[in-house]
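So, here's a batch of structures to check.
Below, chain A partners chain B and then partners chain C, in two separate complexes.
Entry: the complex of A and B
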């Protein structure tokens, strides 16, 4: 973990050197995070091979079994195998987290790019929208979206993605404002490239480093927020293996079988921890000045 | 800004599929009743007029009535609002009491075990979701050891666990920021001067380095208080703490839109007010901003 960088929204100019990968590899904490994360991703991909059990199949003869008793991580209140469920949950969590990030990027990057590069009225519109959206505390925006869209896992993903869209819009706008003044961009304009081409081919690549850094740093937050909405029962079907919903069901049986809550909770913590370790390392390697901590978060 | 927030909340509620008059009237209502309710609610008017009416009533403190219970939303919210503020304030108090000393110790003993421990704690703190911390604390201290009540809000003891689980995240942020600001200040000339004139390290830290380092930290504490208003939903859910957050989540479940509207509006306005107060304080603290 590095010392805290100064908050700054005007992304720095792209660094021509490609030393960041070498620096990333030297970061022992970051590499540990990456290794653990890789294991979790591998488990999520080959999940059905790791466990022969069906994560959905209830077995009322084998409810509340503690870990080790024929089931490596025990069974839940309906006798479902917890290892199978937690592995299926890893897949759901990682995919949902990435999908939500994709939503934020899909809306935030174009909005920020247009605002920052073209300026003028577009800039005003985007900035007012961003200011309004950013004046909701943390997860409240996601709640509002769920209230409109209705419960369900896809809606949760959409809601969480929309809720962090302003973060990316503001970030990209700031970067685009700085990159716009670079000589290579002016050269492209002078050569007669169309504004759209300049924005996409010349300005956008210059904004990539901060986008990547913030996206990686927000992955943990995103996973936590999605799990949080699942915990509050907004993810729809409670039979689906989703860490937040599993944790919420496990809370009812804390006295009798705490492992039902602790297993998905542990998996969640391990995942977010490794994502954050890796994210901090990427932030240090790519751009030491980008903010590597968050004041907002769900969960 | 306030207009923007209220407009966003208002428009969101109108975006919900389905006729609000039908929801109010219930399943067995006659067409006449639905038509009457529609007029009562002003739903026959243009959207902008509806918004102006909504705004005027909201300013007067009238946020409509709950669809589920028929109770006025404002009264219901005001009953729960102090509990959420209390929870958020207690969480911030906890995070300040733990975070400030931890940040100072980490910076002073940079690279030593105290520092490494603080780094580990802050990493855990930013990674562990409030509801997970809450459940683990609940399991350990309430269910297993029986030292504290599991859920509820009937005594001061009930406040402890939700406040601590909510406070873990700001502890991490405060520690991290104060450590970093102190390390930065340690490199300044006036600190070197203080050290050079032979002042004991303890006095160098307390008299010279701490004040400038605290400026960004105070800002973060204020911002964290605002963030607690959103995050408290999770602590309230784990510990059945009857605040605005729990009310909001239940209302989303019941599709009780006037309540959702009122609760979101209230939390967002508080958040804006807190952040504005932070800006003002920052100006006062930092002579360079004036």
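Entry: the complex of A and C
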């Protein structure tokens, strides 16, 4: 494998990107993950339009109906259609997961970039903070955040996002440390670019590949953590079709009506599994060429 | 000092060699899987009502007891009478009773225990709970005691009998204790203490010299088992003889099993939703009544509570002797709409009713996992409210956060609608802390911030009335006024389900704040 392609003078590099995609396509597990994930995303987008049932409205005359029986996946303890709820939950879970990731990126990437690029005292301050945060389990950090912010889905998203911020801060710092030694960065500095410009325009693009890989891999963890907090009743409104909360309510009836817990549990399993398969494939495809990708895009 | 040491060695051996089987001797053992942990062995110092139920009831006796209908029965006292002003009670004590350590029970023991419990420096929970209002205990002769307070004490008998915390312990045993961990419970009760592992087994053996009829089982093992599914599985497997707090949705299935009996009886506790009457949404009694007409209690009990519960026909539970069946707000959206219109709340452009720019909207708080079917009830109620343009959102709060919110004063309170429960054995402690205007948070639990001078006056009179008939009348009137004023959404009275193996007989239900079960009289064929 050519790890050191000859840089083109115009800076455009379509070739490695195509190779990246080509390798990803050869990864069977990864493509299966992508396919399942696409289905789930599609359901999340169009689902609420397709299912005629209201995921919120209790109907006490139709409680605990098994799958089939007029409701494809049955009804829950309040007679709500489980298909409608699990589809509405897909939208909530994916959006919450992405939103939490956005929070982590929004805080973690700048912190890591500052630490890695400027070094010195800033590096010490940021990294001490990151190390302290990393010494707590992520869920515990999220608990602490909820304790301060109060329950509710927005706060859960914020809490989970903040809890995985240190992961990104450390990752970006590591990459930035390597990238800032690259010749093109030094060239930019020599040409008189301001530190901020160098960091954002030259160092950051070089760190993108690992950020993408880790972000995709973290999405699964993030969804599970959010569901975990929902399971513990921190999502606030129990009527919201959130997978974790649905699982928690359903487990009480595991003997009487197992489908109430199995449906959201299965949906979560499928989603996280497909996200992780896809994430692994992306990591495999990107990793060997992180260096070359960085070289080409960074110029 | 030697005894606990020996005990530790014995226990360690038992654990090493494979658990309880080795420590179980010949004879009939009765095992009860308790739904909560016992916090300590001294009921007078305990904050856990489970300790009253498990330790207080079995190792100890009280001066008086409750029966199934909350009538007062003799315990260590055989006779009692109040003074005309109600401030002093005279108890005649049972003679010839000995503590498990052989020391005699007499007036000195009672005075010692009461004085210890109400000692402000010791800050014992039993002092405010079982002996609330008591200021002094005085020995008249060896078997006569006077217990008195600054105010009348009409609730004293109920308070002593209720929780299992107002126990009489051996003064000699208490005086031997140098370190809290040396404490060994020594009472006069039907069972003697053998061993205890925190969060594990409390092992008791029958007291053959019991002054009443001695227990028919030889050993009583009380196993702390907070996980619901584990309790149910152990009962099904026959590894325990009885479990408390059977989840309501399991009752029907357990009833169908061979060899298992289930029963659910009325407790003194009830579940309600308090409406903050100081908020513009809920300051009008017509709105509060309208919302009560929107709660379909029959269907909720049938479908959400699996038939376990009773429609609220009074603010308090029917187990009370002072309970009065006042009325039921029968489900009727028509009346509800009409009342809302009369009160000036008209549907706005978004479908939510509004008045003078104020939307009829609120957040309903439910503590996670505290009330059987709590979150489900809240969702059903909120859904019915939304159906007539009242925008109620349910929010579950983790229990500590919930308690924190309930302790905020009126100026700082964020309560709009909140699900809560209450219940003790005496109507005074049952109603004053939740309805009197002097019981607003943070001091009390008047979560509706309900203020009615007539109710206050009646509650004050009830607290001073020693005559039982007068009390029933006074508290009956309170129930009528509160039902009409509707500071709460009246939901259901709670029932607690207990299940046991069919070979067990003689399980008694006593409605009390500590829980329902009295196992002193059980027999087992095994």
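Here is the rule we use: the second predicted complex is superposed on the first by the 268 of 299 C-alpha atoms of A that agree within 3 Å, B and C clash if a C-alpha of one lies under 4 Å from a C-alpha of the other, contacts with A are read in each partner's own complex, and residues count from 1 in each chain.
Simple rule for what comes next: a residue touches a chain if its C-beta (ideal position, glycine included) is under 8 Å from a C-beta of that chain, and two chains touch if they have at least 3 such contacts.
Owing to the predicted nature of the structure, the values given are computational and were not obtained by experimental measurement.
Engineer: If you count the residues of chain A that each partner touches, which comes out higher, chain B or chain C?
Structural biologist: After superposing on chain A, more of chain A is contacted by B.
Engineer: In the overlaid three-chain picture, which partner chain does A:139 touch, first (chain B) or second (chain C), both, or neither?
Structural biologist: A:139 sits against chain B, while chain C stays out of touch.
Engineer: Quick one: classify A:281 as touching chain B (first), chain C (second), both or neither.
Structural biologist: After superposing on A, A:281 lies clear of both chain B and chain C.
Engineer: Contacts for A:255 in the overlay, against chain B (first) and chain C (second): which applies, first, second, both or neither?
Structural biologist: Touch partners of A:255: chain B and chain C.
Engineer: Can A:63 be said to touch chain B (first), chain C (second), both, or neither?
Structural biologist: It touches chain C, and chain B stays clear.
Engineer: Would you check which partner chain A:233 touches, where first means chain B only, second means chain C only, and both and neither mean what they say?
Structural biologist: Both chain B and chain C are touched by A:233.
Engineer: Kindly classify A:78 by the partners it touches after superposition: chain B alone (first), chain C alone (second), both, or neither?
Structural biologist: Touch status of A:78: second partner only.
Engineer: Report for A:152: first if it touches chain B alone, second if chain C alone, otherwise both or neither.
Structural biologist: A:152: touches chain C, not chain B.
Engineer: Check chain A for residues that touch chain B in one structure and chain C in the other, and list them.
Structural biologist: Residues 147, 151, 232-234, 255 of chain A touch both chain B and chain C.
Engineer: Within their complex, state which residues of chain A touch chain C.
Structural biologist: 56-58, 60, 63, 77-79, 147, 150-152, 232-239, 249, 252-253, 255-256
Engineer: Residues of chain C touching chain A in their complex?
Structural biologist: Per the stated touch rule, the residues are 247, 249-250, 253, 296, 299-300, 302-304, 366, 368-369, 375-376, 378-380, 382-383, 393-398, 401.
Engineer: In their complex, what parts of chain B are in touch with chain A?
Structural biologist: It comes out as residues 1, 4-5, 8-9, 12-13, 15-16, 119, 122-124, 126-132, 135-136, 138-139, 143, 169, 173, 176-177, 179-181, 183-184, 220, 223-224, 226-231, 233-234, 237-238, 248-249, 252-253, 255, 257, 260, 264, 267-268, 271-272, 275.
Engineer: Where on chain A is chain B touching in the complex?
Structural biologist: Touch list, chain A to chain B: 1, 3-4, 128, 131-133, 135-140, 143-148, 151, 220, 224, 227-228, 231-234, 244, 247, 250-251, 254-255, 258, 261-262, 265, 268-269, 272-273, 276-277, 293-299.
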